[in-house]
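Structures given as structure tokens follow.
Below are two complexes that have chain A in common, paired first with chain B and then with chain C.
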Partner chain A sequence: MIFGLGVLKGMMVTLKNFVLSYFTKERLTTVQYPEERIPEKERFRNFPFLIYDEKPEDLRCVSCDICAKECPPKCITIVRDSDEQGKPLKRPKVFDIDFSICMNCGICEEVCPFDAIFMDHEFELAEYGRFEDLNYHKDDLLKSNEYFAKIRPQDAARIDAKLREKAKLKETEIRGHNT
Partner chain B sequence: MENADQIFVILKRSLMTWAGVFLPDWSLVFLSILISIGAIAVFGPVTMMYLTLLERKLVGRIQNRYGPNRVGFWGLLQPIADGIKMLTKEDIIPEKADRFAHFLAPVVIVIPALLIFSVIPFGRGMVAVDLSIGLLFFLALSSTTTIWIFVAAWGSRNKFSLLGGMRAVAQMISYEIPMVLSVVPVLIVAGSFSTVAIVEAQSGLNWFVFTPWGIAGFLIFFLTGVAEVNRTPFDLPEGESEIVAGFHTEYSGMKFALFYMAEFMNTFSISAIVATVYLGGWQGPWLPSWVWFFAKTYALIFVMMWFRGTLPRLRVDQLMGFAWKFLLPLALVNLLIAGIWTEFKTPANNIVSSLILFAALVILYWANRPEIPKKRVYRYAYADE
Partner chain C sequence: MDYTLKESPTLETQMLEVNLGPQHPSTHGVFQMNVTLDGETITRLKPVMGYLHRNHEKLAENMTYLGSMPFTDRLDYICSMTNNFAYALAVEKLANLEVPERAQYIRVIMAELTRLVNHILLVGFLLNDLGAFFTPVLYAFREREKILDLFEAISGSRMMCNYFRFGGVKVDVTSDFIPRVRQIINNFPKFLDELETLLSENEILMARCQNVGILPEELAINAGITGPMLRASGVPYDIRKVDGYSIYNRFKFRVPIGETGDVYDRYYIRILEMRESLKILDQAIKELPDGEFISKAGALGARSPRNFKAPKGDAYGRIEAPKGELGFYLVSDGTIKPYRYHVRSPSFINLTVLEDMCLGQKVADAIIILGSIDIVLGEVDR
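And now, the complex of A and B:
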């Protein structure tokens, strides 16, 4: 029986696989894509988005232009806003990211000193027009802080704590000045 | 239960009586033949289509994935999608190919596959043609498939196809000998070539597989049947991923579909014949006869697909060695013990046959042991350090 035993053992393995695939999940690992999805991981990195705190007008971006300068394929275009007299404001008037160029490297998130731009998790963004539809403007890129906390809870918690610390420090400073 | 068992016979009879009202008597013979042949001609290709789906789903489950399940509810419309795809594909013929041979081979290769269906007893009284030489008919037809594979390979004018074709011919003719020899014990005991008589000789539960010569004969017949159909592990001729696609490399569209259809119809008919000859055909307690028949046939088909999901392909020298050095002597010994079994009385015949079979198996295993060369000893190869 030494000769044919290997074949029989092999066949027992496949039979076990076949039968147990009806009962256990680990022997049938297919995820039926459009109906079921794999749960999102926090550190998954896709295209960027801009953060606002309470209202879309309170965006954190001050149009310092660092992310546009550091972006390797130069897909970010920033134009600073100015008020009626022409004095520059700390807000972008135009903030365009060309998603057909963006390579999802995450450098813009790493270098932003104001925690204003972060990488999103959305990947189902296919479009028909490369120039008309894949050029995302400021309004398309703005997403709330609650959304950020939902997709990346740990990072959001850390950033929120940092911002609260800064706000508290500024308040004690102002109070110190006033006394 | 009687009605459920004979339901198809009753259906055919009622069709004949209904038609006999307005058709002349001499044409009723033709009508009877037409009904049987029509049933087979519809049943054959539909079976083949759904066997392809069954195979894909089964092999998929073995490989930890679903099979096709997007097209219909359980993938049930997948074969129809495949059929439409193959019909609408462009028919490419190599420029210098032998057009007549290239065209003829896939058309004719389906014919033996369909003809075998006519001698298979699907149930009690449900055989299309009760030939007195039914089993010989089957053996002869399965031999004719060989030449059409070679014609396909030759007509493609492609060296690799020809190579695949030559290997296919070598494999098929060398597996025919143990196949025929393994059926002979059944003929000795049943006394007739007719498949109906063979099934009736296994009445009750004394199927031929429960005897010493029956077990060996069943295994030999089944393995040679798998080899005749060119299925894994013997699918060197069509060796997917080895020599592109073997003898059917240069075929596209409907011609390839015909080869595929012939292969699956052959799978079904071999399983059906093995079930008939060794496993007792439609014999079985309590359930209708055709249910038993299909259960046995599909159990054997499941085993063939299980082989496909498990085993790697045999190399051509291993394949030929298996046939000539192992199966053929075993088939001859099987013949001997079948003769002894019929001559002696119980229980001596079982004991003597089993002993001889066991001894033969031990000797064959010893004779076929793989040669493992001794470890080489090098001398004068290294300078004296």
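And now, the complex of A and C:
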């Protein structure tokens, strides 16, 4: 073989790629990010958020502390709320997630028995402060069920159906008790 | 006119000690080499590791079994799926968990896609080390992105997949999974052909790589080298064939081996392995059965990791990761946490022969020899 032919052949490949990158979509893969965006995948997970059904006051979380215990890097802090007599209530008083520690593994979502915590699609979360700015409190984490249905329609439909089933079962049980 | 010296100089020359890294772009992370040079020739090379130590093993010993699954993603952050695979195998062996058929197939497809990702990236970065600045890497990235997009659509994350669970996988694949994998199987060979036209016969690449950094067969076996490095030295040892873990004994594929064990062989063996991986993918996607993606016991364990207990004993789960034999050794004392958790990482063990390969070579060759070992510092330092 002639010496240098391999290099020339290789250069033809780069030339082909260079020229074709102006015409074919297959070779033109760059997305001009802030203006142009790739559609988000439904299963994409970033940071967790807390879900509420109708009003932000009645969130699904019952502060059972399971997610905080299972979280591998231990980024969730939950303090249970209590009424005036000191009786514990089924809602969190403090629910903090430190986004600087969270590693987006999605285990909290998997283990939650009440379908109260889910992984969000939001990813533009840059802050100036390292510690307190990234420590998200309960109010920052709350998001509505409609929002969840918007970002993850399939999962939301499945979970809503499951919750309706559960509510129906509970209702019949109570009715059974009364009669 | 002849400019070279007729007689060898009688001047006293000194050895020069050079620190390559840890902030050197060619070390693929934070890795340091203390090199002693005689002129340009390497006379001694001492690797310094541990800059990226994150206490992985002790962290895992203080965590539930599933809790360290997302941490295994971060060992070899390029191929998180295979890391998950090895860890899941070890725990399944320990706890005697069955894996449904469909999950086995999904696992194999994911592992082979990961092999494509890893090898294509290695070839790109090896060329970067050689001085072909970023053209091959970006061609490689373009193809890799298609596979990572698939990973994202299925597991939720491009690189930190956290997709495997004990006894299956986390969620079932999406409905467009089969056509997308087929598309990759159809398009990838075209890309490989193009890459080979660009590189394999390139005279500069051949001059730089051939007969550089030779790893003799005997040394490779004695040092416990595994993976493409061992096979490039001419030893047909592939754990997919030897062990037949998961369902690998159902697929027909060949194990490519090299002749001389130099950098060029190590480059070329990866190209050949990608072609074999495509064959496995093709067979697996054809046979992908319906059914459960996780067993009942596995689903229960994934739902409440705190109640998942492994019986007393120990287990070693190993797979043929893209870089070599990746093994997880677990000792259980019957509680929810492993008593001992050890990772046998291929990058770390393959790195031990770096000095033997570099002695007598030039400094510039040390960079490509390191590049051809295919290390990821997340796995070396753990």
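In this section, the second predicted complex is superposed on the first by the 152 of 179 C-alpha atoms of A that agree within 3 Å, B and C clash if a C-alpha of one lies under 4 Å from a C-alpha of the other, contacts with A are read in each partner's own complex, and residues count from 1 in each chain.
Basically, a contact is a pair of C-beta atoms (placed from the backbone, for glycine too) under 8 Å apart; a residue touches a chain by one contact, two chains touch by 3 or more.
Fair warning: this is a prediction, and the values are worked out from it, not measured in the lab.
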Touched partner set for A:T29, first chain B, second chain C, both or neither: both
Partner chain(s) touched by A:K41 [first = chain B, second = chain C, both, neither]: second
Which of chain B and chain C A:L15 touches, first, second, both or neither: first
Superposition-derived comparison: chain B or chain C, residues of chain A touched: C
Which of chain B and chain C A:V7 touches, first, second, both or neither: both
First, second, both or neither for A:V94, with chain B first and chain C second: neither
Contacts of A:V111 with chain B and chain C, given as first, second, both or neither: second
Contacts of A:A161 with chain B and chain C, given as first, second, both or neither: neither
Chain B versus chain C as contact partner of A:M103, first or second or both or neither: second
On chain A, positions contacted by chain B and by chain C: 3, 7, 10, 13-14, 17, 27, 29
Touch list for chain C against partner chain A, complex: 63-64, 66-71, 74, 135, 139, 142, 145, 149, 152-157, 160, 162, 170-171, 174, 194, 197-204, 206, 302-306
Residue ranges of chain B touching chain A (in the complex, touch as defined): 58, 61-66, 306-307, 309-311, 365, 368-369
Residue ranges of chain A touching chain C (in the complex, touch as defined): 1, 3-7, 9-10, 12-14, 17, 27, 29, 41-45, 66, 69-70, 72, 103-107, 110-111, 119
Complex interface listing, chain A residues touching chain B: 2-3, 7, 10-11, 13-15, 17-18, 21-22, 27-30, 32
